[in-house]
Amino acid sequence: MSTEKSYRRIVDRTAAAWLFLSPSLAAIAVFFVVPVLSALVMSFTDFDIYALGDLSVVRFIGFENYRRIFELPIFWSALRNTFYFVLVGGPLSVAVSLGTALMVNAKLTRFKPLFRTIFFLPVVTSLVAVAVVWRYLYHPAHGILNYLLSFAGIAPIDWLGNPAIAMPAIIVLAVWKGFGYNMLIFIAGLQNIPDELYEAAHMDGANAWRQFVDITLPMLTPTSVFVVMITIIGYFQLFAEPYVMTQGGPLNSTMSIVLLMYEQGFRWWNMGFAAAIAFVLFVVILIFTLLQMALQRRMQ
Amino acid sequence: MLFASGCQSVREQRTTISFWGMGTEGERVKVLIPEFERTHPNIHVVVQQIPWTAAHEKLLTAYAGESTPDVCQLGNTWLPEFTMLKALEPLEPFLRQSSLVTLNDFFDGVLKTNIIDSTLYGIPWYVDTRVLFYRRDLLQAAGWSQPPKTWAEMMRLCASMKEQAKARGIKCYPLFLPTNEWVPAIALGMQAGGELLRQNKTLGNFSGPNFRKAFTLMADIYRNDYSPSGMQLIINLYNSFSDGLVAMYITGPWNIGEFSQRIAPDVRDKWMTAPLPSMDSTWPGASLPLGTSLVIFRQSRHKKEAAQLIEFLASREQSLAFYKITGNLPPRKSAWTDTSLANNRYIQAFYQQLQRLTPLPQVPEWEQIVIKLQLYVEHIATNTMTVDEALRRFDSDTDRMLEKRRWLVETGKIR
Amino acid sequence: MKRLRPSSILLHAGLIVVALVTMTPVLWMLSASFMAPGEASSFPPPFIPGRFTLEHYRALADRLQMGRYFINSMIVAGAVTIISLFFNSMAGYAFAKFRFKGRDSMFRFLLSGMVVPAQVTMLPLFLLLKTFGFVNTYMGAIIPGLASIFGIFLIRQFAGSIPDSFIEAAQIDGASEFKIYRSIILPLCRPILYTLALFTFMGTWNDFMWPLIIMTDDSRYTLPVALANLMGEHALDLELMMAGSVITILPVMILFLVFQRHYVRGIMVGKSNALSQVGPLCADE
């Protein structure tokens, strides 16, 4: 590692280092590592409502929970919905972030800080609070969205009541809420691209589009990798949006893996089963992350 | 109890008790509290509202975190679960000498759901059961001056209405049987003899003869297109009921208010309610004791005061007051002589129905089981499964959900 | 002034459209919170209150205890921010500027933890806190946020850019380790501390699922949980809900607008710095 050289001159301060680390590491160990490991253990038990009353009735059941997950029709719909959300919402969110970052960062743009601030504002809002407004924007009878669409001659749409449209509606909300964050990261990435590259391309007569494809995109790759990774991990954990907007409905069309886990775990107290669901999600995310890394390595 | 001690320093002698109410009831019950505090100057009641959608997890986490309220409103189907957790206090000792609460004044079927292993854990607060809402004019047009009293009559009525509609070239669903509700299916099963679980309620008995009769009837209803088989076909029930697309619907007391307000003005006096038809000749057919009860949590430190609040809310007078502000039906027979109920023609059907209630199986898994049932109702409605297959699968799902209970019963850990 | 070119007009038109779409929900929320009951749900939807009223804010304050929820949110978000900033900055500094056995492998182990969804820990964490008696306490809401791997990561990347000579000079002067941390590292890390503070405060303030689970008594609810509760009960009192939303959103928004310069700088520096490290770290494995 390149930073290794710089340490050489520093005296060994192991004891002090551990002192500085100990509060954080202790907290992480007790409130993160231990729960993760116990969740793993729990996922092999039938910890349920009976166990809540009397711990002695917990049994080890091996992989039974995992087997049952895959037999559960609602798990497959939750998985399908979550993938839908990740694969449609994720790219859309990244694309909007990149697009707005390019616009804000363009040389011609004036009032850059103003636009940047406006685009970032939804990020700082509480989802529950904006859900109140969005539920109303989506209202089939007197929502603003249908009102605006009526000018285009489009009949009222039951955004959150129609199983085919509820998930896209959730995606629009999620993109609106989150694109500002990735936009900032993209702007940081854009500003790290040396101007000389564009000047040289300009001399070679490359137009704006060619400059974008030949310079901006390749130079932005590390940023994009980071953004896509963060977005995918976040999007797989879809919970609050359907919880407050649709409760997983209509007809389970917005039921996500985490929402399913929450219902199994805390509504029905099937904690062992819910823990197994959480680990299945963990494996799914892990596979996606590893796939992405492999893809990235191949591209390099 | 930081909270309570804070209050006590202000009014030294008052005991503060907490009461959790669900949904709108939690909001509206607040109106009744001042009267209670006036007649019980030594008690202060803090009402907390819990949304129905989060109620179950809220109660379980509160139990786990040992922060349950003193008094709570509990859905009748949840009682077995919280009793199993030993979370509830037996109520009989507190109410034995009560002049306000006399147990034999409650509708029998409702009271029974509150008695588990011959111990009383809840006092009914309001009752909810399902009856038939129907369009009088449409039934008359089909030649029926009375609503159907048996399954056979019901099917004949549906057939003739369907035929008439066909002749006139209009769409009609005589009986709306939603695929996402478990109550009608279970009520029909109860009418056919019940015993939906077997072997000390440790195995599903849905493929047994009783429930099979009920499920076959439902399959017939869907397959003859008497009821829409998908939820998308009825977007707004009140509109569909107004324009005659739907002529009959099995639903609960809250819809009396909704129907009165939301149905088109020209059909406003053309609908009526009736008790459910029965499988055989013993009309009315059984319906289910739903609704909620008032319970005291075992962890409560003010059980005596908590019991006083329950006694107050369950009194004839207050259950009537509660009916007037919420439309929730009083569980006490004596309350039904009051003019506010006696003069409401839509409510009489509920009174008759409340005499014929069959308690649900008292197992903690019940709610999960019936949620599963909806899936199979959907399957037979859309004809993606035969009745045989649906019931066989439902039984095996139920067996699996009851596996833990079976093990506990077999090893003698519970009765 | 530059000459307006068509591409410039197009660009700014695009920006304005996106800005409008972004702001509409928030602005409408604000506007509707001042409308008389029932006005917001008339058709066509009004954008400006016909009669300006503060009654919903008054109702929230008097009848619905919003003040209490606000204080709860402040306590939880404030405590998490202060304590976690302290914990994370120490750990991040240690990872950046100390050499000790197992440092890199431990750091990598922590990083891999970022892939674990928070929900995995929730069930056992609840049971764990229950045995500590922390269910329905502020402690229960605060504890899970105390140490964040992401926070440690950000600080480590930033502290790495502090020249070693600063630390060495202080060592020669005989400064204690804690003094170096407090009077050299912390001041130099200020930009990233701002960013992390705001980030943590925002995240905790807006967090919904954990306080929903851990707080059972409504006198302990945080604003988002109280709002969700309100939503279940007063879904029809639209204007009241809007006022509740405004109260929930406003504090963080003001905080962000006040500190945004620091925040944005921190994100830019922190991230672009972090980015150069993520690649190699991942590739190492």
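Letters A, B and C name the chains as they come in the text, with residue numbers starting at 1 for each one.
The criterion applied here is as follows: contacts are C-beta pairs under 8 Å (C-beta built on N, C-alpha and C of every residue); 3 or more make two chains touch, one makes a residue touch a chain.
This structure is a prediction, so every number in the text was calculated from the model and none was measured.
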item	value
Best-connected chain pair, where connection means C-beta pairs in contact	A-C
Chain closest to the assembly centre - both centres taken as Cα means	A
Length of the line joining the C-alpha centres of chain A and chain B, rounded to whole Å	40
Interchain centroid distance [CA atoms averaged], chain A/chain C, Å	16
Gap in Å, rounded to a whole number, between the CA centres of chain C and chain B	43
Touching two or more other chains - residues of chain A	266
Touching two or more other chains - residues of chain C	127, 213, 228, 231
Shared interface positions of chain B, touching two or more other chains	53, 57, 61, 64
Of chain B, residues touching chain A in the complex	53, 56-57, 60-61, 63-64, 81, 84-87, 231, 235, 364, 368, 375, 400, 404-405, 407-408, 413
Chain C residues within the chain B interface of the complex	126-127, 130, 135-136, 212-214, 216-219, 228-229, 231-233
For the chain C and chain A complex, residues of the former touching the latter	2, 5, 7-8, 11-12, 14-15, 18-19, 21-26, 28-29, 32, 40-45, 86-88, 90-91, 93-95, 97-101, 103-104, 110, 113-125, 127-128, 143-144, 146-147, 149, 152, 160, 164, 167-168, 171, 177, 181, 202, 205-206, 208-209, 213, 223-225, 227-228, 231, 238, 241-242, 244-246, 248-249, 252-253, 256-257, 260, 264, 267-269, 271-272, 274-276, 278-280, 282-283
Contact footprint of chain C on chain B as seen in their complex	3, 23-24, 26-27, 48-54, 57-58, 61-62, 64-67
Chain C-facing residues of chain A, complex	1, 3, 6-7, 9-14, 16-21, 23-25, 27-28, 30-36, 38-39, 42, 100, 103-104, 106, 108-110, 115-122, 124-134, 136-137, 139, 141-144, 147, 176, 180, 184-185, 187-189, 191-192, 222-223, 225-226, 233, 236-237, 239-240, 243-244, 258, 261-262, 265-266, 271, 274-275, 278-279, 281-282, 285-286, 289, 293, 296-297
